[in-house]
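Chains: A, B and C, in written order; residue numbering restarts at 1 for each.
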Amino acid sequence: MTNTNEFINQLASKLGRATPTETPNYVASNVPQYRLSNPKERASIFLDNWQALGGKGAIVESLEDTVQCLRGWFGDLLAAWPNKPQAIIAWDLLPTVAEYAFKALEWPLVRYTQAAQTAVDRYSLAALAELGVTGADRGIALSGTLVINSHPQRGRAISLLPPRHLTFIEASKLRDNLFEVLEELASLGIPPSAIEMISGPSRTSDIEMDLSIGVHGPIEVYVVVIDD
Amino acid sequence: MKVSLFATCLANALYPEMVLTMAKILKHLGQTVDVPEGQACCGQIAFNSGYFDDAREVARTLIDSFEHSEVVVGPSGSCIAMIHEYYPTLFENEPAYLEKANELIQKSYEFTQFVVDVLKKPDLGASYSAKATYHPSCHATRLLKIGDAPLTLLQHVKGLELVPLPEAQLCCGFGGTFSVKMPKISEAMVAEKAQHVLDSGADLLLGMDMGCLMNISGYLEKIHKPVKTMHIIQLLGEGMRS
Amino acid sequence: MTMYNPTIDQRVDEALANDFLRLATRRATDRLRNNKYKATAELGDWEKWRQAGETIRTHVVANLDFYLQQLIGQIEKQGGHVHLAKTPADAIAIVRKIVADNNSKNVIKSKSMISEEIHLNHALEEDGSTVIETDLGEYIIQIAGEPPSHIIVPAMHKTRQQVADLFEPIAGHVLSSDTPTLTRFVRLQMRERFLQGDIGITGCNFAVANTGSIVMVTNEGNGRMVSTLPRVQITLMGMERIVPSFRELDVMLNLLARSATGQRLSSYTSILTPPKRASEADGPEEFHLVILDHNRSEILGDQTFRPALNCIRCGACFNVCPVYRQIGGHAYGSVYAGPIGSVITPLLEKDWKTWGHLPYFSSLCGACSEACPVRIPLHDLLVKLRARKTLSGHTPQIEQQIFKTYRYFFTHEKILRRALRLGSRLQWPLVRNGRISGGPPPLSNWTKSRTLPKVATKSFMQMWSELNP
């Protein structure tokens, strides 16, 4: 293993100067950014782009809307899921509307972080679940992307291991483009251990360039945009 | 304007009539034409093969031969691109010649670029009846960035029906010494280009670089599918005579 | 001047004779290229984005020592471990030791070109670990024992039937070769592996210097699995792969996703700052970043080739290259194929004998430079590599002689005139119907597949001086 100073000094010598002691400046080139004019448009374009990627989605304005929407998506499926009490795995705390909606539907939620003692056991539970439910910290309209930060009361495997992933996001958390999201993330200081940007379901075109959905990650992805 | 012709090595040896036609067209457009002696080649063949020292001396000869010219025009985007793109590299350590190279860069043009962009003569009054397709040679398009100048000239030729060449942006596989250094890959490339020419349904292939045209037409002839091939200058020459 | 190594010639022959390979390569590159056009057109001024990308990359590379130092400091502050590897052997030894120290047997990997560059899998397998590539394409070529044929679509050269045949012994039963069946098999097969993996090895698209984060982009989600589930995460990165801060990720991620596959963003873009915080329910407890030099510092010190370090491995140059289009990736013989592979392989490996053919795998059409999202002048660099090879005396004697002769004639135009006149008289045995077909090498390299016009009786210069005495 090479000593850090030695390694860095060698690079400095290749660059023909001493290593700068302060962050070097540069003049960034401006790029034209995608902008939308109002929140309504943002929500609807986010949804369009999410759906274009193969996701399902809806904008809800009330608890009733939400309940109806969830029943429409999962009602029939739920009846067929063998391991019903453990079929839905979720964050410790979902956005309020989501919590109320699941309560109203009387669909039990397994809370991932508390469901097992060890990480390996939690993964097994998540892998056996039919649906993972999360919120999101931000969304990107242009690319139909959800941005989800890790947190002790959340868990990263929920949006990854079950075959279906459902996310609730407040419309106010949507942004036009990636740039705005990164600016906000930069202001957090030390970033969370994982920021996952998710744009649609798991996909691959590795066999004869033929698009196939769900090779590793979720096969079906759903988003509920909460009009706030 | 006094225009000095740069014949280019390939056209000088293999297509002298085409260069003569270029002279006639330029005279017809009211230019005074001369052909400075001593000029031979832009040096690209050696440069592209990695023989920079040999290329530099050939380039120096070319720079010298056009030293007193007002404007230099050649029938090849590739050769003019060589001057524009790489002479500064060749002479980066020779300030005196770097300056001369830059002068040559300032005053040198590919033929269609000169006629359309400098002389502003998109319509040469030519007419030619044919169904033709056009191959946009890589160096003229990507390096010299002559844009639509060749097409502009062609669109003004009466009776000429232009049909699109599928995947026109693909290199024909000539690449100078590439064609003999990597002959099999080059053959595969020209085979595909030739197929696209046939697929276009055209009975005439047009271009503005004799190297590429020689490659494509040579292949088409070998597979006994000869499609008539002309440099834009040859087409204009015939079209203006009629 | 045609002497190339027979093994290279053989590889090219094999590629050209492989109809499926050529069809698949054409189909894939056409698709990726067209997707890219759409994705870049909608961004507005794509040239501005390229410019911005070039500016960022050039700045980072010019200050690589500073940013690496910052990155290392940040990662160590957060409890991660950084290992610096001068050579591929160093990198392998480092990974081996981490695996051994953790008593790990099940290594799961997401796509990493560095691991291909250093040939890591074999070494780990020798130590008794099971190493599984989890990217579908990488998995296929791992079973087949082949290197990737495309930097983004590694198993592009395999037919679905070949894939089914490769999977069958693992499945233990006959598999039909439709895509859904094959992907479902991989999902089930890989699930167990993911859950059992005790070490995850990932690649790194970008590392963020001021936060100590690594950014990884995948479409399948395997990158997330590998960086979420195992207790230990090892990330391999080429030392140039840095951005200063989150801000620059906007330009870089847009350039990467749009240039690679024509997506606005890849399905999964993970910005990871491991290890996991103590109170978090998942994520790796232990994090190792292995930073590889492997002669990158030599490239850094070489003003001419330094721009090659700007590459973000998007594969856009593969998808427009007319040479790659005909022969696919394996004919290059190198881990990195395509135009960028032809540039960096001779520089990384420093071995003209083995890799000296690569700079000539280009007609210098410039399509690669035009496609590059960070404006690396790839075709320029290829020519300059040829010049380096020539200067170092590694080109054939006869070729050197040919260009000396060329130089003589083309700096003496009057003599050239006479030579052409002589040539026009001597060529008659080769001329049929006004065209040349046949003749000795290197002429035959041309005439095997093409005819050539004969040398004119009078050259233009001759003609002109007679007309204008």
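Everything that follows uses one rule, which is that contacts are C-beta pairs under 8 Å (C-beta built on N, C-alpha and C of every residue); 3 or more make two chains touch, one makes a residue touch a chain.
Since the model is a prediction, treat every value here as computed from it, not as a measurement.
Participant: Quick one: do these chains touch in a line, a ring, a star, all-to-all (complete), or other?
Facilitator: The chain contacts form an open line.
Participant: Centre to centre, using CA atoms, which chain is the farthest one from subunit B?
Facilitator: A
Participant: Where the centres are mean C-alpha positions, what is the separation of subunit B from subunit C, in Å?
Facilitator: One centre to the other, that is 32 Å.
Participant: Quick check: how many Å separate the C-alpha centres of subunit A and subunit B?
Facilitator: Roughly 54 Å, centre to centre.
Participant: Would you mind listing the residues of subunit B that make contact with two or more other chains?
Facilitator: None at all.
Participant: Could you say which residues in subunit A touch two or more other chains, in rising order?
Facilitator: In subunit A, no residue touches at least two other chains, as defined above.
Participant: Residue numbers of subunit B touching subunit C in their complex, please.
Facilitator: 7, 9, 11-17, 19-20, 23, 35, 37-41, 43, 45-52, 54, 57-58, 60-61, 65, 86, 138-139, 142-143, 169-171, 173-192, 214-215, 218-219, 221-222
Participant: Please give the residue numbers of subunit C that touch subunit B in the complex, ascending.
Facilitator: 1-2, 4, 9, 12-13, 16, 22, 320, 322-323, 325-327, 359-367, 369-370, 383, 385-390, 395, 399-400, 403-404, 406-407, 409-411, 413-414, 416, 420, 423, 435, 437, 442-443, 445-446, 448-456, 458-465, 468
Participant: Would you tell me which residues of subunit C are touching subunit A in their complex?
Facilitator: 24, 27-28, 31, 43-45, 48-49, 51-52, 55-56, 59, 62-66, 68-70, 72, 78, 82-86, 90, 94, 134-137, 140, 153-156, 158-160, 163, 179-180, 182-183, 186-187, 190-191, 194-195, 210-211, 213, 219-222, 224-225, 227-229, 231, 244-251, 253-254, 261, 263-277, 279-283, 293, 297-298, 300-301
Participant: Spell out the residues on subunit A that touch subunit C in their complex, using ranges where they run on.
Facilitator: Touching subunit C: residues 1-4, 7-16, 19-20, 23-24, 26-32, 34, 49, 53, 112-113, 119-120, 122-124, 127, 140, 142-145, 150-152, 154-157, 160, 177-179, 182-183, 185-186, 190-210, 212, 214-218 of subunit A.
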